[in-house]
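Taking it in order: structure first as structure tokens, then the write-up.
Chain naming follows the written order as A, B, C, D and E, and within any one chain the residues start at number 1.
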């Protein structure tokens, strides 16, 4: 295995991680900061991808598609928050689980109702397609480089918002004691609608960006949702920094595990068995990673509380 | 001199640069109430945490009834007969007052692993719980959900739960806090009678109660024991007056 | 005209009634003590004022009917709450606790720091790890950061060392004199209340049973209603 | 009247396939004009346990004579043995697991689509015809994936540059593509059904790796080609059916399907259509109640298939031509064009194990 | 408003009644549905022990369900092929006897629950949800690639296993067997909830710190609840496998874990018959709505949503008029 290949795989892992971060960031905002388990986050990812696909198909512009993904997901998020989620802050996590599970059903089948059962088309814009030659002779898809860049910018922006602005402080205060922050004069309901929409928009952005290199189809959100949960739990709930580190860890483990574990097993068994044992282990690898992290640090890498 | 029932030796606990306990050695003898007073943030709750096992000391040891319990769990220490009340009420909010009290009684009869028989059919247990509720004056609130109690009522319940344990020694973190003047008076009288059954290490800011009850007083400031002595000695100590009591005590 | 006026206020927790008719006024710059035994409805009254619980009856602040307003709007009218049990934002630092509440006015971080130097020293520490007394100071500082016209102190000296308690009472007195802030105060120490308050209102089983000037509060009355 | 039970996937992510099978099937029933065939349709949600319960329901309560409709091999494995065991005919419009073709075959079980390995074998054969020497092959890590690679290798005579099992449901193939790039292969064979194939092809097309790609039709059927878009152009895929197979039945089928449902038919639709026509042809000759006669009537396969020649082998699996198709663009629609025959009159590898 | 005791009787009676009526009218499929609801209710009651009493939201209970299922699948498979199960030096004969299979299922799933519980209970809250999910996924992926027992395709067992004195292939007899087990499990649950153990567990859920200071170890209480819970769910898994005569990795899937949670919440958390109500409603909805429209998930979602928003305490809470989920 050549050094170039290894570097390329690490890049792939980073890119996968950065994309996961976009998804996880929204989730950790809503989930950690607002104390809400939002299983429907994956649906917002799907909404973003479908909006982007529909609008870019109609207008031929990928950027317009992205904008509409942000808008559609944010709008969907705001509406959902005002109609449903708002009534759930006071209830325990279990009611939230059931309600957002119901939302998944509604979103998924509703989308199928609107768009039919077949995947939609969404492609990379011409100006980002094809590979770029990196130093060292590595050929790497330009689009994926762009994804890394977008992810990093969003990460920084979010961190500043949550940790450094008064808005962020108030959001976190609301998570600690909603009634109290309201009694101090902060309109927490409006704030929460805003945050929910922001988280939704991030999910929608992730869905649209990733949709261009994947299949835009009903149910695309659920596998990513699980991964995003893994990410924020590894990182520690509510911590943007944790989500970032967790996302990179998961991205790298997933990518590198799939490649290197089978290779590793080739030292012990015949190639066919090594392939299949290695591949099975690779699919478990992020879950093994997560349980090891949690056994070692029960509140995640950067988490303060349970 | 009688053997102390509870003793700490050189307990030290640091939180980063802050030394919350700085070589604290303190003891509790049978039949006495030993009050620990000191400014806010002096390290009183930290000391109690180390005695009960919720805070792991960096140095030093805790001895209870002659055993070194420094490495034992909270539950194990409680099992040996160390009763505790919390500074901030720790109660099962969804349960009734009686259920909360029964929980305490349960441990003393060590029957939590009985899976079949209903607790409410255990007359012994219920009687003990009721007795404790009676003592703190919550009998008429027996069936109220804990979440429906006022703050002061919760403090009363907090004490009741500790009473059901029939411990060998008590560690109480501000039991008077939140009680009204009348409640404080009643609890003072009650603790007064309790000391013969189980000595009490009492952390309290209510000086009326402390002066009325304490056999000995230790003053803690910045993690260190500043002085230990009788009520009169402590009241007269000029250092204590400036560090803690203020002029009108 | 009174800044805060409650008349015949009733309130329920679910189906059980907690307030049966509370009458209470606080005038501009006035310090009023709210007294009563454990569980008599003092905190419930406060919660009703801050619109944390549904209530009926007369409830006005600065001439505005508070019924119909959400909690945050009441706070913005100028009511600062130091709640029972402190309720600091446990995962936020001291500074963040203050910033979260801040609204423009004379009270800012620096001024709160002057009032409670101990807090200033612990600006970066998470509220969860503060000692009880430090948390209490933080709760008061936080309420002041909203620059209120009326501060409500519900058991604000609970768990404080005598010296600090004295400091807080001194601070209350200073607030009264220097800023003319109106204060509604609940505390278990009748002695301390008598020293800072202008008037007192006593609750018994959710209803006002006595009110009058602090000088009229005879030992007999306080023996009857408060037990000392 | 004859009662037919159709258990297929109509909700969730895999619904597209089930809907096509159903629509193809119902089109044939409608065209036949017969009102003595009653079809009961139920949604299995792609869950094996639901499928088993639906088959119990159809057999016990609805008392159907014939079952059909299942898309997925794992669901078929859960339902078919029990159904045929209870004396009900099963006509498979899609799944063809090897067990049911070999030792687990049954006189009452007929597969109208293919044995699972067939299209992969055809891909292997086409690779030989094209002259590929060094293929990189990949499939998801589950039984059908393993069968796919086995099927390809069964026919393919060249060497292997690499062999990979990916995760089921995987959506990102950057790592695999990097390995392909580094492997020195001269061609790529992949079996990645559904969304996995879409993702792979899009990412592959963007990666700058330009080795020729070959795969079974599942990633190139009409339902998903539009989603892959230009990334699929020129890719060779193997299929027993194509919309441009030149016979009357097929032409009529493509036209009427489009008229009826407003979209082009897919591979799955053609399979549903053929299944229904097989059934109708047998009903013309015998009643399902007479098991032996009905079985014989089915074995004759006396219907005109959209694929042209069609006959059953001894294990009731098709013997048929499998074509190589290329993805092309017609106007703004992506579709397939036959470029050759990969395997002629091909039967499956398990017939010998079937004792019935 | 119906008193909860009466409601419980009504629910169980209704379930039994549906099955008997279906038997009388010769509708075996309806009995199958009732059996499915019964078995899911057993599984969910198991979960309700951990979740309702212990506050342990396990998103990995499919592990135990699946282990129960595979215990049945593997034993019956080996009985079918007359080859013993090779466990290192040990060779265990396959069996088609339900009681033996149940014992195995319970043993295997409690053992798994013990190990998973020990590791998972280091965490709490959402972390607990996720770590149990992780274990679930590990089992799932393992089962998918375990080709000896069919991998993703699963294992078909062509005849239902036997129970002495019963003809288990007769739907109503198999139903009755499951129903009796459900009643036993419910009795166990209700005794447990009132016992000293239940009281302590309930407190451990709310204030672990308090429980410690009265000398009990909250972790051990929770672990015990988790193991019991896993055992019950494992038993249900074995029954479920027998109902379908089929096991596959989907029994390990997180969707199934999620569905179990949904059943419990739908019916009412920490209510004796909450899981029964949840399972009955869910199976009924799945069946009726599925027949009405292709897009029935939308309606299912809408109904679930209405229940969360307007029926605090689930169905049982709604019907009994006592919204508080704990008492």
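The rule is short, and it goes like this: contacts are C-beta pairs under 8 Å (C-beta built on N, C-alpha and C of every residue); 3 or more make two chains touch, one makes a residue touch a chain.
Remember, predicted model here, so these are calculated numbers, not experimental data.
**Student:** Please find the path from subunit A to subunit B through touching chains that uses the fewest steps, and give that number.
**Tutor:** So the least number of steps between the two chains is 2.
**Student:** Which chains are in contact with both subunit D and subunit E?
**Tutor:** Shared contacts of subunit D and subunit E: A.
**Student:** Chains shared as neighbours by subunit C and subunit E?
**Tutor:** Where subunit C and subunit E share a partner, that partner set is A, B.
**Student:** With contacts defined as at the top, give the pair, B-C or A-C, that has more of them.
**Tutor:** If we tally the contacting C-beta pairs, B-C comes out ahead.
**Student:** Based only on mean CA positions, could you tell me how far subunit B sits from subunit E in angstrom?
**Tutor:** Here the centre of subunit E sits 43 Å away from the centre of subunit B.
**Student:** Roughly how far is subunit A from subunit D, centre to centre by C-alpha average, rounded to an integer in Å?
**Tutor:** Chain centres of subunit A and subunit D, defined by C-alpha means, are spaced 34 Å apart.
**Student:** Please compute the C-alpha centroid of subunit A, do the same for subunit E, then give the distance between them in whole Å.
**Tutor:** That gives a centre separation of 31 Å.
**Student:** So which bits of subunit E are touching at least two other chains?
**Tutor:** Residue numbers touching two or more other chains: 144-145, 147, 295-297.
**Student:** Any two chains that touch count here, so list every such pair.
**Tutor:** Chains touch in the following pairs: A-C, A-D, A-E, B-C, B-E, D-E.
**Student:** Which of the residues in subunit E come into contact with subunit A in the complex?
**Tutor:** Touching subunit A: residues 51, 57, 119-120, 122-127, 130-131, 133-135, 137-138, 141-142, 144-145, 147, 254, 258, 261-262, 265-266, 269, 295-298, 300-305, 307-309, 312 of subunit E.
**Student:** Per the contact definition, I'd like the list of subunit A residues that touch subunit E in the complex.
**Tutor:** 31, 37, 84, 87-88, 91, 93-95, 97-99, 101-106, 108-110, 112-113, 226, 229-230, 233, 237, 276-277, 279-280, 283-284, 287-288, 290-291, 294-295, 298-300, 303, 306
**Student:** Which residues of subunit E touch subunit D in the complex?
**Tutor:** Answer in residue numbers: 27-30, 32-33, 36, 144-145, 147, 150-154, 156, 158, 171, 240, 244-246, 248, 250-251, 290-291, 294-297.
**Student:** For a test of understanding, state which residues of subunit D touch subunit E in their complex under the given definition.
**Tutor:** Listed in rising order, the residues are 10-12, 42-43, 47-49, 52-53, 56-57, 60-61, 73-74, 77-78, 81-82, 85, 97, 141-144, 146, 168.
**Student:** For the complex, which residues does subunit A have touching subunit D?
**Tutor:** Answer in residue numbers: 1-2, 4-5, 8-9, 12-13, 15-16, 108-109, 112, 116-121, 123-124, 129-131, 139, 141, 143-144, 210, 212-220, 223-224, 255-256, 258-259, 262, 271-272, 275-276, 279-280, 282-283.
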